[in-house]
Amino acid sequence: MAKTLTQEFVKGLWEEIPPFRLVLGLCPTLAVTKSVENGIGMGVATAFVLVFSNILVSALRKIIPAKVRIACFIIVIATFVTVVELLMQAFTYPLFLKLGIFIPLIVVNCILLGRAEAFASKNGVLASAADGLGIGIGFTLALGALGSLREILGSGTFFGKAVFGPAFQPFSFMVEAPGAFVCLGLMLCLMNLAGKK
Amino acid sequence: MVDQKKFTVSHAPFWHDGSCIRSRSYHTMLAALPAVLFGVVRYGMPAVGVISLAVSSAMIWEYVMNRIMRRDITIGDGNAALIGLIFAMLVPASSPWWMVIIGTFVAIVVAKQIYGGIGGNPFHPALVAVAMLMLSWKDLFDFDAALVNYEFDFAMAYPLAALKHFGTAAVENFTPGALLMGNQIGAVGTPFGLGLIAGGLYLIVRGFVRWEISLSFLAGIFVTAFIFHQADSARYAGPAFHLFTGYTLMGAFFLATEDSSSPVHFIPMLIYGAGGGILTMLIRNIGIHVDGVVFALLVMNIANPLLDKIRPKALGKVF
Amino acid sequence: MIKRSFLGLAKPKFEVQRIGLPLSEVKEVPMPKQVTLMLKKPPERMAGTDTVALSPGETVRTGQKISLSSDSETYVISSVTGTIARIKPFAGDFGNAFIAITIDVTSPEVFDEAFAKRAQSLDPALAGAFLSALPGNPAFSVFFREETPVTTLGILGIEPDLASMTRRFVLSHQKAALQKGIEAVKAITGVDRVVLLVPQDAGMDFKDMAAEVRTVAAAYPGTLPKLLMKDVFGQTVPAGKTCEDLGCTFFSAESVAALGTALETGRFPVEKVITVTGKDQKPVVVTAKIGTPVKVIFDELGIVTGHLDRVVFGGPMTGSAVYTEDYPVLPDTDAILVQDKTQIPPLSQYPCINCGECVRICPARVPVNMLVRYLEAGRYDEAADLYDLHCCIECGLCSFVCVARIPIFQYIRLGKFELSRMHAAEAHHG
Amino acid sequence: MTEALLIMFGLGAVCGSVLSIASKVFYVYEDPRIAEVEGFLAGANCGGCGYAGCAAAAVAVVEGKAPPSVCIVAGPESAEKVAGVMGVEAGTAEPRTSSNKCRGGDRAEDIYVYMGVDSCQAVSALSGGKRECEVGCLGYGDCVRACLFDAIKIGPEGFPVIDEKKCVGCGACERVCPKNVLSITTLTERLLHFNREDDCLAPCQQTCPAQIDIPLYIAQIKRGDYDGAVRTIRDRNPLLLACGRVCPHPCEDFCRRGVEDEAVSINQLKRFVADREMHSGKRLPVACAPDTGKRVAVIGGGPAGLTCAYYLRRLGHDVTIYEAMPKLGGMIRYGIPEYRLPKKVLDWEIEGILNLGIHVHTHVKLGVDFDIPSLVSAGYDAIFLGVGAWKDYSLRIDGEDLKGCYTGIDFLSRIASGESIPIGRKVAVIGGGNTAIDCVRTLVRLGAEEVSIVYRRTRKEMPANAVEIEAAEHEGVKFIFLAAPVRIIGDEAGKATHLEYLKMELGEPDASGRRRPVPIEGSETLLEADMVIAAIGQQPEITFKEEGKRIQSLKTTRWNTIEADPETLQSSIPYIFTAGDAATGPSLVVDAIGGGRRAARSIHLYLSGQEVTPPEKSLFKRHIPGTLFESVKGIQKIPRVPMPELPVEERIHSFIEVDQVISEEDAKKESSRCLDCGRICYNKDAAA
Amino acid sequence: MGDYILLAISCILVNNILLAQYLGNCPFLGTSKKMETAVGMAMAVVFVLVMAGVITWLLEAYVLKAFGLEYLRTIGFILVIASLVQFVEMFLKKSVPALYRGLGIFLPLITTNCAVMGVCLINIKEEYTFMQALVASFSYAFGFGLALILFAGVRERIILARVPKPMQDTAIGLVTAGMLSLAFFAFKGMV
Amino acid sequence: MREMIKMVVVLTVLSSFSGGLLAALRNGTQERIEYQQLKFVKGPAIRAILKGCSNDPIVDRFKIKDGDVERSFFVGIFDGKPKAVAMESIGKGFGGPIGVMVGIDVDADKIAGVGITTHSETPGVGARAKTDPTFVAQFKGVPLADTFKVKADGGQVDALSGATVTSRGVSAALTEASAVYKRLKPKLIEKLKTYSK
């Protein structure tokens, strides 16, 4: 049943795309998708951490004792999250400001621990990297899609640029907290419909 | 096979008291009629437009969803029309057409049909719709601004907004009698207090709504408003004012009593109604929203499943 | 049919319909050409293993006992003289299985003497040997069982359901027989306390009866055993238990009166008083031989049935619909109801709309609104654990008032049936 | 920098030590395998295993209450891993799938109009359901709602259709079905299922000795699912090519369509799909259960032996066939002439069976090259005796040993194995069975000028298939009825020249209702014949009985067949089983196939240590009386598709197959004539 | 005292951790299908969050801030929280098995509950005093539990409704959570 | 016991490794992060105050110890001369602290400009302090006084309508800034000299 690296990668893009198929990592999904830019930024940050933590966990999987497995995974993940945090502060500060508290919270994103536990701790380095990359990109895509929808409807803009005429009255519900939930719920429904075929 | 005679076999009971969803919906609409007609008279053609658009679009959404979900077409039961009508009663007469359509979409599709249609919705569909629209288009829901084109022979201010911004002094000239007679501005179907009360009494007497909820809701408002008023009469208006303004009466008779989002047992009904009333007053007096009925009732809708767990011990129940 | 009143706050009144009392005219249904007796199968027997002590072609006499074997607890008493034409299994409701014994009637009628001989002494054995087949199927066995033997007997002069006049008829017409029957029951069972329950408006004096007489408001559902227990005897039957577990049982007045008549005449009673309500909704009281196909009664009363009509055995609240006009009158058939297809209230596909009508009308205070959701989803265990499925006393009022027209009562019966089946299966498999 | 290092060092050390000390101090013994097992379960918490979630299931596994294959979602891989943790072998963890027995929710008539709760359970609680059929599907779809895996749908015909890819065999549908229409079975259970009294069986399937699900495969042909049809047949009959050609199709005798119209040409349809598979050049895969490690010797590679070996192999046993003749096939190779069953076809079919992994030894004869004790000592756990009935009955008349006199099977098998036999000019074949017909038709092709059949009764009583008789007639065979041979007259060279027979007449009917032939005194007649073949029946050759010790206790009947329980086919020696002609005497191929499968079931039971009992509620060679109708209403008559055959001139000169396969179009047409019967119902749409 | 009450109300209702701050949604959706699990989870979160809030506050104040190592906050906090949770789990299992059965089985879920980590970070960001941090932690956790239990009540009914197939489970759960969040707008501006 | 030791060792090594890694990364990026923070948080306000300066005040910044705290000053060079400095002070507003950037013309001891950096005031009310340009404009060119007070308290500052608390907070910040400036002026002049060319 061994899959090729490509398969490991591709599955994250559709078959197991979080948060639609694997209902994981909802908090950042809901919180930062007010705009596309935020969504993609968050996705990329998560993907970065995911790839590296997967690699490291996979590389260390033989020497980590089972009892402190979770703690070790968390250290690995937290390290990379902090790396991302520092890098973002240094290079994309405005985005860091917008994503705020959610960057450190990548550390508790269940996708990361989930993949470390379910995949990286059982598979080789390359496969884990491919898996991390696939899931990470899938997550980014999902966040981007949700971000676009909410930004276009809720603010009438896309990447900050107005897409409708001035007469458009934005459906600001979409950028509010409840809008995030409803929007994600409806998208999940669409994904379920699409998955049927 | 024409000659073959086959009996109908079913389970007891074989009689039925004749009630059905359809008559329930239509009687509720009938009860809303006085207030609606008043709104039509007061606001003219725009009100007619909003009402007819809301009712028809609600029915169309229902039909579309029935088809998509491949279920029986249920527009005949009048529930969609009723939701459309109640929604129309809650929005200003000046609402643009697209807002009405989005509103009925939210009410019928998001708040009702995806929960499996009538009976499944945990929230009152019209309330969800109005809450969403209020969040999105605050300006359109600012009755003062929305109804600026009208000219009436009474104070042209939305009483609750005036109260919020300028304190009780600003609303002194709203007498309970005038409020009851509809001498206030507001949404399409809410100003005419007397009509709403008449409709509500009709529904209660006919047993289509539960008096416990309506009464306790009004009582909750009355008592809370009274306490606030006693504490600081300069900032907080009296109970009569609160009873007859905004969505209060509408809430008591048409919103809080929606079947599927309200409790059925006696004590829960009282708590539910009173809780809604108290919360409404808290929002009106210390929250940021001008009228608290919508959100207060949504909160109570959420609490409904838990409240309804309070129930009498069943006959012979053993523990 | 009782309709919802205009004022919704008032509860509907379920008073038994009355026709001018005393009933003067009683139609007697003539001897049918064929009768069918339903022999209840004991539950442990499975299909295909039954052999009735008699086989087709054999002759039976009126009053002759027919059973699975000589020592079998279940039996029927032949109501006619004739030859056995067929013996076929018959599936009843909710797992009740019968063996339908069809007898071709021959004349002249010959009476079996066994009962007269046996009835010389009124002792417990007589009850086991014959009396369970009396009209109304009185459960004599509960008096003689080891655990919690029954000490109180309620004789019901009130109707168990709407649209029935049968017991009222017995009260007014067979008072003497009833009197004798009560004495006989006392002698046979040695029961401590006998209570005769008569309707408030019976308009008769029962002082001379050898029993305690209690008048009861004859409004449904107050006439159901569990509510009688509560209202008359002041005892609440715990969920899942029966009145008999509390030492109390109920017999129909008709059973007792029939016993009285039987002892008088020495012949086992094979006739049944039945209230038939036709499509015109006017009840008529008739007497017919047990086992008479319902078609014969219809012919006699001029009732014409058609496609999609409904024939109900029992009352409108708790009876059961049958699918064939050949279905026979059983010893416990108090009433027969015929509905034209236009009189059948349609059901709907709607889910519960949570209006709460059922909750408010339920005499057992069951949270029907939630219960029915769980039953609909097939989650019977949760329905029983969380929402008092077993507290239901099966009056059918919830379905009667349901705005969404959900067959709630059927769901409840089904839920109980499936649960008992599951538990039986679990017990069977250890 | 240093601070950071130190702090993190401190934090790590503190956390590590706290945790490690805590794990010591607060140590609670929990079987470590629980966590491990849970890791291998699917984690779907579906409850299909019958435990409350995966964690509970893991506990149950570790406590030994549940087998390693408990998880129905994760599949065999997980079972293996779990078994690894538990230190046991996975065993015969076979995938289970749901299958339904009823095909047609709407065909059986309603006895009432139902109103109420939309569920099968509810309907069945009211007088057992509204359908007149006791075992039929009610069609309200309780199973659909019960299925957690979305594997069941109510098909267009109103009965549940199972998506086998999605089905995990959790059994939810089975539990909820009040009519027991659905059952969860493993491959083994499916292979071992025999027609039962309470199955919903059409008359054809009840009649078929091999118990093939005929209505199903006809329906599959109708749908164009030819592969599915092949699979359906092969679940019951591995020799479908042979049967499609030589089976006398008793099923067609009971075809409900035949009551009012002509029976459906069932065998032709079978042959059509079987040939289609052969000509496609691709064998459909056949599933086998996991290996059990038990060994079985099958003696005799005829239809019974092949079938038995086939099923034993599919049940996971290790099978070796011992065959006396050079090639496998037994009577269908050596007793059935080329023009009816080409050897090429047979080879292809046998190859398919052997491909499952069956070992073969040919040219070894029981009692000569090996014996039963030697097999036992070679480690076989059970033995199947399918030696057939190869010994021809002799006429017991004078002149039988003259030159030019043969017995039927001897003749046919010698021809089949390529021996050249001098063919006479005028040939008389004695007997009225299929062997006799095969002989005459072979002789016609071999160039005999005049071929006669001498039979002691009339044509009506001839046991041979009517079509065969007719074909022989077409090919110019002479029939001499009511003739009892008395002796064969030979010339000085010891060569047969004439057959003398007595004419007979029909006397009074005997107990069997047939009129017995009575010889007419003094009616001796001479028939010129330089070759006489006696084909009056066979019996098993049991010379092996004399050798060896153990085998002597094997009981035989007075017809020299092996005595065995007719249903379990277990002989008087528990580890020896038998079937086919050896058990029944000469009979149909399809009987042998049915027997082979029955014997395989018994052997399987024997090998798995269970009691060898007949199948429960078996419908062994009986019909469910209710299914045999006197009339079938609403039939619109459509003639059956004629069988294409070679023209007579062509066929009498060659051994080319006479009967040809029908076209796909005809197959579709013929299959649509099927009423798709159930127990008491049939498809009225097809009838109209 | 009044300040603390206001802070509590703000944390429970106005700034509800789940519905207004989007934190802790995974367990919110995961454990709300049944009332029993929801109650267990709510209690477990209150328990852990109060402890974590206190410990991380101390860690921040006396270690990280003291050494100017604020950038190690993420890793330090999560390490402490994870160890704490695991420690508590082991402790309960051994010492209070009854409590463990009711609440302990949810503990592993809490490790990755962003509500816990989020509240700890908020405590630091808002520069709460120790008492404030304690009150805020408890109130946030209480708000989480409240929302979870309310949601579970609603969800128990939704599961029984005829929700169309593609909407079932998580999708309808999210939409309902949205409506919950909408209703919680009622409390906007009250504090 | 062995396992316990292993657990402790693995966990400790892993966390110290990560500590080291992060510390190194932190050292490498610290400068840049600080710059970015100033640029994006205080930058807009500083640039508005020191409008027209020829340098980047965020680059040209220095710190002076004021008792226990260090204060940052941003230098604005006009016409080649360091004419103005900007500094931040904090006042207490309605919703929490308000950061006020005060630019001071060193030559004239006048306020060169005022900008709001951080605040958490009510949108549409107190938040107008930042969004309403007329409010901050009133301070430009005002000489440094000992105290700044809103007019309602008898001072010179025009309060924002409906946001008296916010205005008071800003005034308090100005007062503080003026005090700090006066206290540190000598050191300031000293430092500024290094910037003149």
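In this document, chain identifiers A, B, C, D, E and F correspond to the written order of the chains, with residue numbering beginning at 1 in each.
We adopt the following convention: a contact is a pair of C-beta atoms (placed from the backbone, for glycine too) under 8 Å apart; a residue touches a chain by one contact, two chains touch by 3 or more.
The structure displayed is predicted, hence computed values, not measured ones.
Chemist: Return the chains shared as contacts by chain E and chain F, ordered by label.
Modeler: Where chain E and chain F share a partner, that partner set is A, D.
Chemist: If you tally contacting C-beta pairs for every chain pair, which pair wins?
Modeler: Ranked by C-beta contact count, first place goes to B-C.
Chemist: What's the farthest chain from chain E if centres are computed as the mean of the Cα atoms?
Modeler: D
Chemist: Farthest chain from chain A, going by mean C-alpha coordinates, please.
Modeler: C
Chemist: If you average the Cα atoms of chain C and of chain D to get two centres, how far apart are those centres in Å?
Modeler: 53
Chemist: Round to the nearest whole Å and give the separation of the Cα centres of chain B and chain D.
Modeler: Chain B and chain D have C-alpha centres separated by 70 Å.
Chemist: Would you kindly tell me how far, in whole Å, the mean C-alpha position of chain F lies from that of chain A?
Modeler: That pair's centroid distance is 35 Å.
Chemist: Indicate the whole-number Å distance between the mean C-alpha point of chain C and the mean C-alpha point of chain F.
Modeler: Computed value for the inter-centroid distance: 91 Å.
Chemist: Quick check on chain B: which residues sit in contact with 2+ other chains?
Modeler: Only 6-11, 110, 114, 116-117, 119-120, 132, 135 qualify.
Chemist: Where in chain D do residues touch two or more other chains at once?
Modeler: Residues 3-4, 7-8, 11-12, 15-16, 19-20, 23, 111-113, 115-117, 122, 126-127, 130 of chain D each touch two or more of the other chains.
Chemist: Listing for chain C: what residues touch at least two other chains?
Modeler: Residues 308, 320-324, 344, 347, 349, 351, 407, 410, 413 of chain C touch two or more partner chains.
Chemist: Please list each pair of chains that are touching.
Modeler: A-B, A-D, A-E, A-F, B-C, B-D, B-E, C-D, C-E, D-E, D-F, E-F
Chemist: In the complex of these two chains, what residues of chain A are touching chain F?
Modeler: My answer: residues 60, 63-65, 67-68, 71-72, 75-76, 78-79, 82-83, 86-87, 89-91, 93-94, 97.
Chemist: Write out the stretch or stretches of chain D touching chain B in their complex.
Modeler: The touching residues are 110-117, 122, 126-127, 130.
Chemist: Residue numbers of chain A touching chain B in their complex, please.
Modeler: Contact set of chain A toward chain B: 169-174, 176, 178, 182, 186, 189.
Chemist: Spell out the part of chain B that touches chain A in their complex, as residue ranges.
Modeler: Touch list, chain B to chain A: 102, 110, 114, 132-133, 135-137, 140.
Chemist: Within their complex, state which residues of chain E touch chain F.
Modeler: The contact residues of chain E facing chain F are 71-72, 75, 79.
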